[in-house]
Amino acid sequence: MNVNDLLAKLHANLPAENTGVVASYIPELAHVDPTKFGVHAVTVDQREFCFGDSDEGFSIQSIAKVLSLTMAYQRENQKLWKRVDVEPSGTPFNSLIQLEQDKGIPRNPMINAGALVVCDVLLDYLAEPRKDLLAFVHSLSGDDSIGVNERVAASERETSARNRALIEFMRSFGNIRNDTERILDFYCSLCAIEMTCSQLSRTFLFLANQGVSPFTGERIVSTSMTKRLNAIMQLCGLYDEAGEFAFRVGLPGKSGVGGGIVALRPRDYCVAVWSPPLNYKGNSHFGMAFLEGFTSEVGDSIY
Amino acid sequence: MNVNDLLAKLHANLPAENTGVVASYIPELAHVDPTKFGVHAVTVDQREFCFGDSDEGFSIQSIAKVLSLTMAYQRENQKLWKRVDVEPSGTPFNSLIQLEQDKGIPRNPMINAGALVVCDVLLDYLAEPRKDLLAFVHSLSGDDSIGVNERVAASERETSARNRALIEFMRSFGNIRNDTERILDFYCSLCAIEMTCSQLSRTFLFLANQGVSPFTGERIVSTSMTKRLNAIMQLCGLYDEAGEFAFRVGLPGKSGVGGGIVALRPRDYCVAVWSPPLNYKGNSHFGMAFLEGFTSEVGDSIY
Amino acid sequence: MNVNDLLAKLHANLPAENTGVVASYIPELAHVDPTKFGVHAVTVDQREFCFGDSDEGFSIQSIAKVLSLTMAYQRENQKLWKRVDVEPSGTPFNSLIQLEQDKGIPRNPMINAGALVVCDVLLDYLAEPRKDLLAFVHSLSGDDSIGVNERVAASERETSARNRALIEFMRSFGNIRNDTERILDFYCSLCAIEMTCSQLSRTFLFLANQGVSPFTGERIVSTSMTKRLNAIMQLCGLYDEAGEFAFRVGLPGKSGVGGGIVALRPRDYCVAVWSPPLNYKGNSHFGMAFLEGFTSEVGDSIY
Amino acid sequence: MNVNDLLAKLHANLPAENTGVVASYIPELAHVDPTKFGVHAVTVDQREFCFGDSDEGFSIQSIAKVLSLTMAYQRENQKLWKRVDVEPSGTPFNSLIQLEQDKGIPRNPMINAGALVVCDVLLDYLAEPRKDLLAFVHSLSGDDSIGVNERVAASERETSARNRALIEFMRSFGNIRNDTERILDFYCSLCAIEMTCSQLSRTFLFLANQGVSPFTGERIVSTSMTKRLNAIMQLCGLYDEAGEFAFRVGLPGKSGVGGGIVALRPRDYCVAVWSPPLNYKGNSHFGMAFLEGFTSEVGDSIY
């Protein structure tokens, strides 16, 4: 069976009913069609496979945190880890108490507090933050059409009170330097980036290729930094379900409340799947199930 | 350079001073010589390499939790995860509050609460728990001389108040079935198992070999279960330093307060290192540093 | 209007429907008739007033914690506060985390952890704990018929896992001395004391009379100790509803999950009310409402 | 002995050394002379007594929270308690986690979160918030010279990150309506009010007089509201030391990090004491000790 057929078969094997629920915390996300399903895989030698709505754009949301982290890591290297740690955070419930215990240093760059610090770091380096971010994404994916969904960004911006609280709380510990509203603007643009499965898997492929873009040959980050980014995704990429994902799928990955999940097998491939309804831990219900089947069939997990 | 020479070189590269501190919560552990250092690596095709005090026995402590987990997983399969979860636990600080929030289901089998539940599970299956446990260890390592240090076990037994509290607390949620003192007896024997680096790396080699003992060809657990055990070690094996270990070393591993760490690269090798002084997170200070150098030099991390 | 008529009127003014729920965590408590209602007040000059089922016995439960505290305070004086603090505990949710933060010293003697420490203290002094406790209660109330309900005590004893966990946890911090099962036996007897409203208000009257029994003239505790016991009741006597009680009723008081509440106005009177259905914070729903009306009508709160 | 002599004697009985430390979180507070000590008492029939630096102004800080609460309570009556609760908060450590658990409703109006909500409420009513606040204070004290220390207010304003975080966090739960910076301006003015002991005891005397100003005969709040304000002070007025204060002093009171404490005996008197060095719980070390002696000598506590 070829890989495209396998993708179709794995999709056919999903349960008839999807018990997940589409994210509704911002109106723009709630409008998405819950029956959408797409998947796209690309290997480090640039073979590509797809199924379903793999060329339809969706809001990548928290998946983008890996991209801003990569940009900050490029610029700060090890210095970055003085301002954000690399440990799993336990339950979401603990986030604020941990931030207090840890004196304003977020547990990792994948939780909101950590991603906000990463944005704060980048504002010290980028002349035109949103433009520079998109330029980076364009260079990774080889696709200049990727952009920010302005309605989603505006919608995020209007429900920023909690993120504003996190910023001010970290500022009280001296871990924030830039203006709160500038940080929030940048952060909301980041989360509102829209990609197709195809664009998403291509964008992340450098992390499966030891830090080098397979399309351009350009080195994005060092081999060692690549390993560390993958380790962070593995331990912190799926919110409070990182263990379950490592357990069932066994690859470094990152999810977003838009229903996307991207995962990668080092030296082998990157795969992006999209299905909007989320399980109660905030990850795509069918995305998780599909990737579990995929790694069972297509190839080994990293373990 | 051959691997034995590499091990010596990596040891020579460690800092002159060890800022770690030997565990002292039980007297028996406090007596160990802090300058001891041993390492032993074994590949799935049974080549072996070593350096230093690799044939001196030490208390493997929490490392043994992987062995009892394997025994329980063999017997219960997926049913086991109804009684213990597979998520990282965040800070130690959160353990009790999380146990309350999670209705007596421990976050993972590597924290004390989870290992106690695993012992409780095994007491339902094993006729002679301690004897059956050692028989299992002997079959894995091919070495019948491995045993329990009775003074350490007795010493652990005398400082069990907190573990007894955990058992009673989980019992109040219906997640404990056996007599408290029987569970503690078994648990303290488990933690007091003594091994050399050489015995330890051989014992864990089946986890680098897709669940099959390379020495006997016997299947211990399925390929799928092996992956899951490795995923649990990766995410939960180094206490509150799992992220740092994934980040720096990049392999599934497990540490103990006796100063041992065992780590493995799937389909490749298993390595055990021992150096008693612990960093402030409870992991061998030189063990961590040595393994970081080792994976940089010897071979890739899994990322 | 005389006081007996006032009590009847206040009862008539209660809402038609009682939205509270009878405690069911032990079967013996669940069997009680939810429509029971009794109240008894006694002044320091020994005038008595009553209404309803004021001569029917009920399980006083946590109310008894004040009696064991008084006995321990008599024997240890200020030394007692090294083992238990006198601060409100915030939400029930925090109890375990606070116990950890506070190194095994309970926040106050009215929460379970604190009451268990008080029992542990008393076991060092009492030759026959249960008998000595009842003798103390008999001397306070002038009524030798007060006893322990054996079925309730046995029922409590069977659901002791959580209290056992608290004892072991505090033992791990060095704050428990006696055998766990002896402490639990004594504690369960204490909680299973049965009194009528009339017996209860008479038993607590010494706290409204500066520490002297108005019936016998015997000094139970000093004036200063009396103030402190009243202060503890005021701040910690109504579980997580101490503020609401101070706010609405304005007197030192103590409640139990059997549906009883006792409250007192220093130098004036003591009042006991009983109505089994509890509000969601575990206090008698009608008991709270009745006492609010009572202090509005009969006399001033202490504020 | 007359009362003035008694105040002098009680002062003479204080320990030779003050182990407290002057608050330093804002520079303006750190500059105060630690040897200052003043006390002023005033009875409901307007007899006045004093000792030491009772006519020297100091920053009343959190003591002012009772004044803003009174203003908000006048305007909102019971409706106010939908936005802020009246329960003690346990340890400071729990504040954020409790705010999360309680969906943005602060535990009481004496902690920062609660006082910020009270300021938010007042901004809906007051045309010129700071001016209206001072007018209220002038009417209570009969002294138009009381004002805001502008340097202290500016200093507070510059270290507002944590309070800003609290506001945004509560806003995310829908419990804040006004602009964040307006709330902070008002809050910082409030905390920066400066009074002498004499002014402070006179300002709070209405709370000892059932809600009526003894100076003008004007009713400030109803008798019932007065009781409730006193109950809130009793249970929540001394930060995490409310139990200790009730236990040792036995009166409703409120402290501030400027070293002031005001306490009152209903229907009797109000007393203000000032000594800048604070104990580790943030209350005036000598202030607590002095008031303990005072209530022992001068008159009974309310218990």
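Chains: A, B, C and D, in written order; residue numbering restarts at 1 for each.
The rule is simple: contacts are C-beta pairs under 8 Å (C-beta built on N, C-alpha and C of every residue); 3 or more make two chains touch, one makes a residue touch a chain.
What you are looking at is a predicted structure, and each value in this text was computed from that prediction instead of being measured.
Colleague: Give the pair among A-D, C-D or B-C whose set of contact pairs overlaps with that of A-B by over half, matching residues by number.
Modeller: Selected from A-D, C-D or B-C as the counterpart of A-B: C-D.
Colleague: Out of B-C and C-D, which chain pair has the most contact pairs?
Modeller: Higher contact count goes to C-D.
Colleague: What whole-number Å value describes the gap between the mean CA coordinates of chain A and chain C?
Modeller: So the centroids are 55 Å from each other.
Colleague: Whole-Å distance, chain B centre to chain C centre, using C-alpha means?
Modeller: From the centre of chain B to the centre of chain C is 48 Å.
Colleague: Just how far, in Å, is the C-alpha centre of chain D from the one of chain C?
Modeller: 32
Colleague: What are the residue numbers in chain D that touch two or more other chains?
Modeller: Where chain D meets two or more other chains at a single residue, that happens at 93.
Colleague: Mapping chain-to-chain touches, which pattern fits: line, ring, star, complete or other?
Modeller: Graph shape here is a ring: one loop, exactly two partners per chain.
Colleague: Of all residues in chain A, which touch chain D in the complex?
Modeller: Chain A reaches chain D through residues 93, 96-97, 100, 161-162, 164-169, 171-172.
Colleague: Which part of chain B faces chain A closely enough to touch in the complex?
Modeller: 85-91, 93-94, 98, 101, 107-108, 224, 226-228, 230-232, 234-236, 240-244, 246-247, 250, 252, 266, 296, 300-303
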